[in-house]
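Some structures are shown below for you to check.
What follows is subunit A paired twice: with subunit B in the first complex and subunit C in the second.
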Partner chain A sequence: MMPTDWSIVLNLSLPWIVVFAAATVTLLASASARLRTSPLVALTALAGIITAFVLSWQQWISGSGPIIATLAFDRLSSFGWLLILGIAALTILMSFSYLQDRHAGHPEYYALLLFSAIGMGVLISGYDLITIFIGLETMSVAIYALAGFFRERPQGNEAALKYFLTGAFASAFLLFGIAFLFGTTGTTDVGMIAAQQNQVLSSDLRSSFLFGLAMLVIGFGFKVAAVPFHAWAPDVYDGAPTPITAFMATAVKVAAFIAFLRIASAVLVLTGVLWEHLAWGLAVATMLVGNLAAIAQDNIKRMLAYSSIAHAGYLLVAFTALAQDPTGLSRGILFYLVAYLLMTLGAFAVVTATQETGEAADINLLAGLSKRRPWAAAMLALFLFSLTGFPPTIGFFGKYYLFLGTVKAGFIWLVVIALLNSAISAYYYLRPIVVMYFHEPRETEEKHALPLASPLVAVIAITAISVFLFGLLPTNLLAIVEHSVMAFLQ
Partner chain B sequence: MLEFVYHYISVQTLVWLIVALPLAGAVFNGSLALITAHHGGGKDHHGHHHTPFRTLASTVGVLLPFAAFAAALLCFVTLTGFEEGAPSLITGPLSQWTAFPGLTIDIGLKVDQLSLVMALVVTGVGSLIHLYSIGYMSHDDGVVRYFAELNLFLFFMLILVLADNLVLMFVGWEGVGLCSYLLIGFWFEDPAKAKAGTKAFVVNRIGDAGFLLGLFLIYGVMAAAGADPATGYFNFETMSRYAPFFQPLATVIGLLLFVGACGKSAQIPLYVWLPDAMAGPTPVSALIHAATMVTAGVYMVVRLNFIYVLSPTALEVIAYVGAATALFAATMGLAATDIKKILAYSTVSQLGYMFLACGLGAFSAAIFHLVTHAFFKALLFMGAGSVIHALHGEQDIFKMGGLKPRLPVTCWTFLIASLALAGIVPTAGFFSKDAILWHAYSSGHVGLWLVGFVSAGLTAFYIFRLVGAVFFGSTNLPVDQWKRVVESPVSMLIPLILLGFLSAFGGLLGVPEILGGSDRLGEWLSGVVPLVGHAGGGASHAAEIILMVVATIWAANWSILGWVIYTQRRDWPERMAARFRWVYRLIVNRYFVDEIYDRLIVRPLIGVSRVFFWKTIDATAIDAIMVHGTANTVGVWARAVSLAQTGVVQQYLLYFLLGAVIVVVAVAL
Partner chain C sequence: MTITLQHYLVLSLVLFTIGTIGVVVRRNALIIFMSIELMLNAVNITFLAFSRWLGLADGQMIVFFVLAVAAAEAAVGLGIVIAVFRNKATVYVDDLRLLKG
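Up next is the complex of A and B:
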């Protein structure tokens, strides 16, 4: 093995170092009582993220880097990391007024957010199962803490504990799987496992190797909330602070799915029919349970939780066909992730806006929102239409590319099921729109709401414009996604 | 002058200007109507209605049709200046509508002898009726919408006659149907009028179904003939080049298309909508339901003569349907008392003559009668409109009477048109009707000739019954009201006078050789429609003269009878009606055709629709079982699935474990 050139590693991981530095500075600020409530804390965190974003963008432009020190510095990593940083920036903007309204100015909050983001970066870039596991845990531990951030709220504590318990359970499976893979192949490097796979599969270690892979799938299945490893999601999404829910529903999923995409295209697809059947089953179960349970929800955060489960199901549809057309489907998956994160973040931002200073998220509370906050109502409607998959929103093209690739790969019935599920989803996505526009508000509610905080407005505006713009002109984004995918598949 | 025009405008441009100008008017007035829709009509401090943009809408709405007429006239002048035998012009595809492999449809216009005649009539008579409308609609608040719809009608009618292919013609065909529907129900606040519009629309749909089937068959024939799809299967040029291939299916195609013509041109059995269509404003009746749209069926048959000549059977059917309609509608005209309904039955009857001519293969005679009929029937309707306008909406001819001194211009022009309708020498109607009857006789269809002859007598009687009852004799109006009746404004009288001239002298277009003329229209059309072989020879010349004289005496006789009875012996008809009560009841109730259709078709259809399609299929099977059933099933599953979400984390882990077992079993074993 060649000795590692650490200067290259240092150079390539500079964006992480910047974020790490920002997180540390933010954390140190919590020592000063005066700084604790200062907007400077959030600004520092934001500055760190923006710097890292610019650096990563340059890395993306300069092309794919090497796989070095168990990390892959290819364009897929840069792209995924850009998405994570974008989500983190928007979450910080969303959190700012959220925390202020609740008289909580906690530097730890921002620090945890940044640490979690670094974990995601490692997860995305990881090219070794151990590194991936470390990234996953770094991400998760920070999120556990964030979910229960408001210690005085019992729901928050419940969410954090449930997430932690089930997360620990899932981590055990993942580790167990990694152990089996190491035991059968003698390595944890993804590329080397892939290289040995055919040989192992034809030996008497076949069952043990497949067992290890199954455990790996279960571990990731938990993180992306695939049925039946999803049960934690609605409770945790419901109990966590809304901006953290948004972060969980988008960043965690994006990171886990990109890492999973890397492993799936390197290793899993080689098992052929076996993987197709497994993914088929997972996809159908995830879509059905997610969509059906979403219908029965009266709480918009829980509804969006099930919606995110359903969207994981749509993504798994493309994973099923991954072996047939790796480029086309990876492209579809990445495009869908961008679409999904934009519309979900936007929807959660509007939910944050409607919660005012409380935590209530009952759908019926949206009654009359179209008069109280016409813009917010219109934007929520846009996001919900996009989540349903109406043109001309990004949600339409997301589903289009995803399902088109799967149909071309020959999984017609799977796409038929997915489209039927999409039809079911229209019911619960349209319900809040009906409530906002056609239900009279209860009389006790004030007719005119206070103006929204400008950072929150910025989040809604950015996501709404993106959802609409990429819905009209998806080609630029598609080109970026395509370049990101090509490098890692070679 | 012409040189000056040609310097700026090519003939091609002129052709599409004919179509584009009315469209511009429709767009302009339509926009105005939309802008003013929210204002509604208000009353100013004098208590007068005022509609914003009334003058603007009327000016634009009238000037553009006149401009279109000028363009058509220029086209005519230019094309007749061409080399002998080539007075036609095809613009070629102005735009491509659809281009599939195997089906190309272009948007192109074709100006030839036939379409030019039609375009001149449509724009000429149409412009006059637009001008007339200013006065007639001066008290109506919907005038902007009115001109928008009337302009739109003109646009679609011109598309219909100028289209260079059958599909584009069908676009115009449907477009005029739409405008007809809109204008019949122009006063849609009155449910009866809205219903009349719907009836016209629905009955026309039946005909259109036939038209569409005919189109499909034509496609099949052209495809089987191996025509090049790129040239457009429906292009008239292409179709006529492949005419021999239509031989096996000519009867079916011809009859299916004729079903469409029956709907549009109100022939048996689909004529029932036209009398009800009189619910629209009277200028609309004049333009759409007399002069232009209803003749579209005749035009279509003449345009497709190369298919029809292949099928003697189809022509026979057309001739008999036309003759039957001519007679049948004329009898209904005898007993009607509504001035517009009488004219409506008369229109149905005259359209029957035109189809009779088509059926005899005398296509140019059909077009000749179409043209003269456009003149005198538009005049009759506008005269009737003038009377109705002067009497503030009264339409019962027996509540009028003695109006000649009060409405002199209306009366004299109406009289000219009536002479033309009755076919009295030397008015326009005489020459055109005689041409048809002569063709019937000379081609050996004596039975058809006799039907036409009898109908001509009835026609003369009912129109002079109307003239006598309305303009002459003693008045049935209260004297003071009679004294207050005043002639219509000049803008309404100018069209009457101009059309009066055309009704009187329009026959000069087709004076037969026997009377020293040269049948100029027939000659002009000979390049497009086949000349039917006349039974030549001296003996038939004598017969032609004899028949002409007999016909004139016959018509004059009935005219005088009608006039005399209804001016001086107004009690006779009542006694006659009492004497032949059952005949009278049959006719006055229009042979109960509407009732028969209602019992035989409408009610059973509604019954089946209500019980089977609505209650069983829609309400039970689709709504209750499929829609709500699906929703309920999904709802039950949704509750079932969310029941699993107990909130107990141990259970979540159990699901997790069970799932893990399944995954492991599925993958590793």
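Up next is the complex of A and C:
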């Protein structure tokens, strides 16, 4: 093995170090009573993220870096890390007024958010199963705490406990899988496992190796909330503070799916038809359960939780066909992740706005929103149309590229099932729109609401413009995504 | 009788299964958490057994990572359990049913 040049590592991981420094400063600020409630804390966190964003953008432009030790500094890593930083920045903007309205300007909140983002960066770049595990845990442990951040709220406690217990349970499975992969190949490096795979699969270690892979898939299945490992998601999404729910529904999924894409395209696809059957079953179950359960929900946060399960199912559709056309489908998956995170973040931002200073998220509270907050109502309608997949929004092109690639790979029936599921989803996505525009508000509702906080408006505006703009001009985004996946597949 | 790799693997599988059953069957959050720790330690035995069998030190190093992560998880997890106990004066997960759809 070549000796590692640490100055290169330091240079390449500079964005993480910046975020880590910002998180530490934020955490130190919590020691001062005056700084605890100051907006400076949020600004420090935001400044760290923006600096890191610019640095990783430069890294992306300068092309794919090397795989050093256990980290891959390729364009996929830079792109994924840009997405995570973008989500973190929008979450901080969303949280600012949320925390102020609840008289809780805790610096720990922002510090935990940044620590979790660093974990996601490691998860995305990890090229060694143990590094991936460490990244996953860094991400998760911070989010367990964030889910129950308002510790006087029983719902928050319950969400945090459920998330913690299922998350720790899942990581034990993931680790058991890693142990068997290590035992059968003698390495935890993804590339070296892939190189030895065919030899191992034809030896008497075959069943142990496949057992390890199955455990690994279960571990990731829990994190991305694929059926049958999804039961925690609705409760946790419901009980957590709304901006954290948005962060969990977007950043965690993006990070886990990109890491899974790396493992799947290197290792899982080599098992051929075994992986195809497993992914086929997971995808169909996840889509069906997500969409059917979403119909029955009266709470918009729970509805969006089941919708995020359904979207994980659409992504798994492309994973099924990954062996046939790695470039085309990785591109589709990445494009879909961008589309999904933009529309989901936007929808949660509007939900945060409609919650005012309370926590209730009942769908009937949206009644009359079109009169109270006409812009917010219009934007929520846009995000919901995009989630359904209507043109000309980004959601349409996300599904188009994803399903087109899968059809080309020969999985026509799977795509037919996915399209039927999209049709089912229209039912529950259109319901909030009907409630907003055609239901009369209850008497107690005030007719004119206070103006929204400007950071929250900025989040809604940024996501809405992106959803609409990339819906009209998807090719620009597609080109960026294509450059990002080219390098890691070679 | 010599103790081979298979013996260790069977031991760790048995421990892992006991842990899994514990998580699924028991309703006390602390016992569930202990069962998860049992699963993690079963994984550690697997790593050590494979490490010895392969003649590689990697597995023994990984065990330290796992221990560190388990400690971090324990800190946060027990903190959450304490927060729950302060609000509800119970650690039984069946008593937590505010969130239902």
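By definition in this document, the second predicted complex is superposed on the first by the 490 of 490 C-alpha atoms of A that agree within 3 Å, B and C clash if a C-alpha of one lies under 4 Å from a C-alpha of the other, contacts with A are read in each partner's own complex, and residues count from 1 in each chain.
We adopt the following convention: contacts are C-beta pairs under 8 Å (C-beta built on N, C-alpha and C of every residue); 3 or more make two chains touch, one makes a residue touch a chain.
Because the structure is a prediction, the values reported are computed rather than measured.
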Q: Please work out whether A:L404 is in contact with subunit B alone, subunit C alone, both, or neither, and reply first, second, both or neither.
A: neither
Q. Should A:A296 be classified as contacting the first partner (subunit B), the second (subunit C), both, or neither?
A. both
Q.
For A:I218, using the defined touch cut-off, is the partner it touches subunit B, subunit C, both, or neither? Pick first, second, both or neither.
A. first
Q. Touching A:F169, do we find subunit B (first), subunit C (second), both, or neither?
A. both
Q. Which partner does A:L270 contact after superposing on A: first (subunit B), second (subunit C), both, neither?
A. neither
Q: State whether A:L40 touches subunit B only (first), subunit C only (second), both chains, or neither.
A: neither
Q: State whether A:P234 touches subunit B only (first), subunit C only (second), both chains, or neither.
A: both
Q: Under the contact definition given at the top, report the residues of subunit A touching subunit B in one complex and subunit C in the other.
A: 161-162, 165, 169, 234-235, 293, 296-297
Q) Which residues, counting only subunit B, touch subunit A once they are in their complex? A) 631, 634-635, 637-642, 644-645, 647, 649, 651-653, 655-656, 658-660, 662-664, 666-669
**Q.** Complex interface listing, subunit A residues touching subunit B
**A.** 161-162, 165-166, 169-170, 173, 207-208, 210-211, 213-215, 217-218, 221-222, 227-229, 231-232, 234-235, 271, 274, 277-278, 281, 289, 292-297, 424, 427
Q: State the interface residues of subunit A toward subunit C in the complex, per the touch definition above.
A: 130, 133-134, 137, 141, 144-145, 148, 151-152, 154-155, 157-162, 164-165, 168-169, 171-172, 175-176, 179-180, 182-183, 186-188, 234-235, 238-239, 293, 296-299, 302
Q: Write out the stretch or stretches of subunit C touching subunit A in their complex.
A: 16, 19, 23, 29, 32-33, 36, 39-40, 42-43, 46-47, 49-50, 53-54, 56, 58-59, 62, 65-66, 69, 72-73, 76-77, 79-81, 83-84, 86-88, 93, 96, 98-101
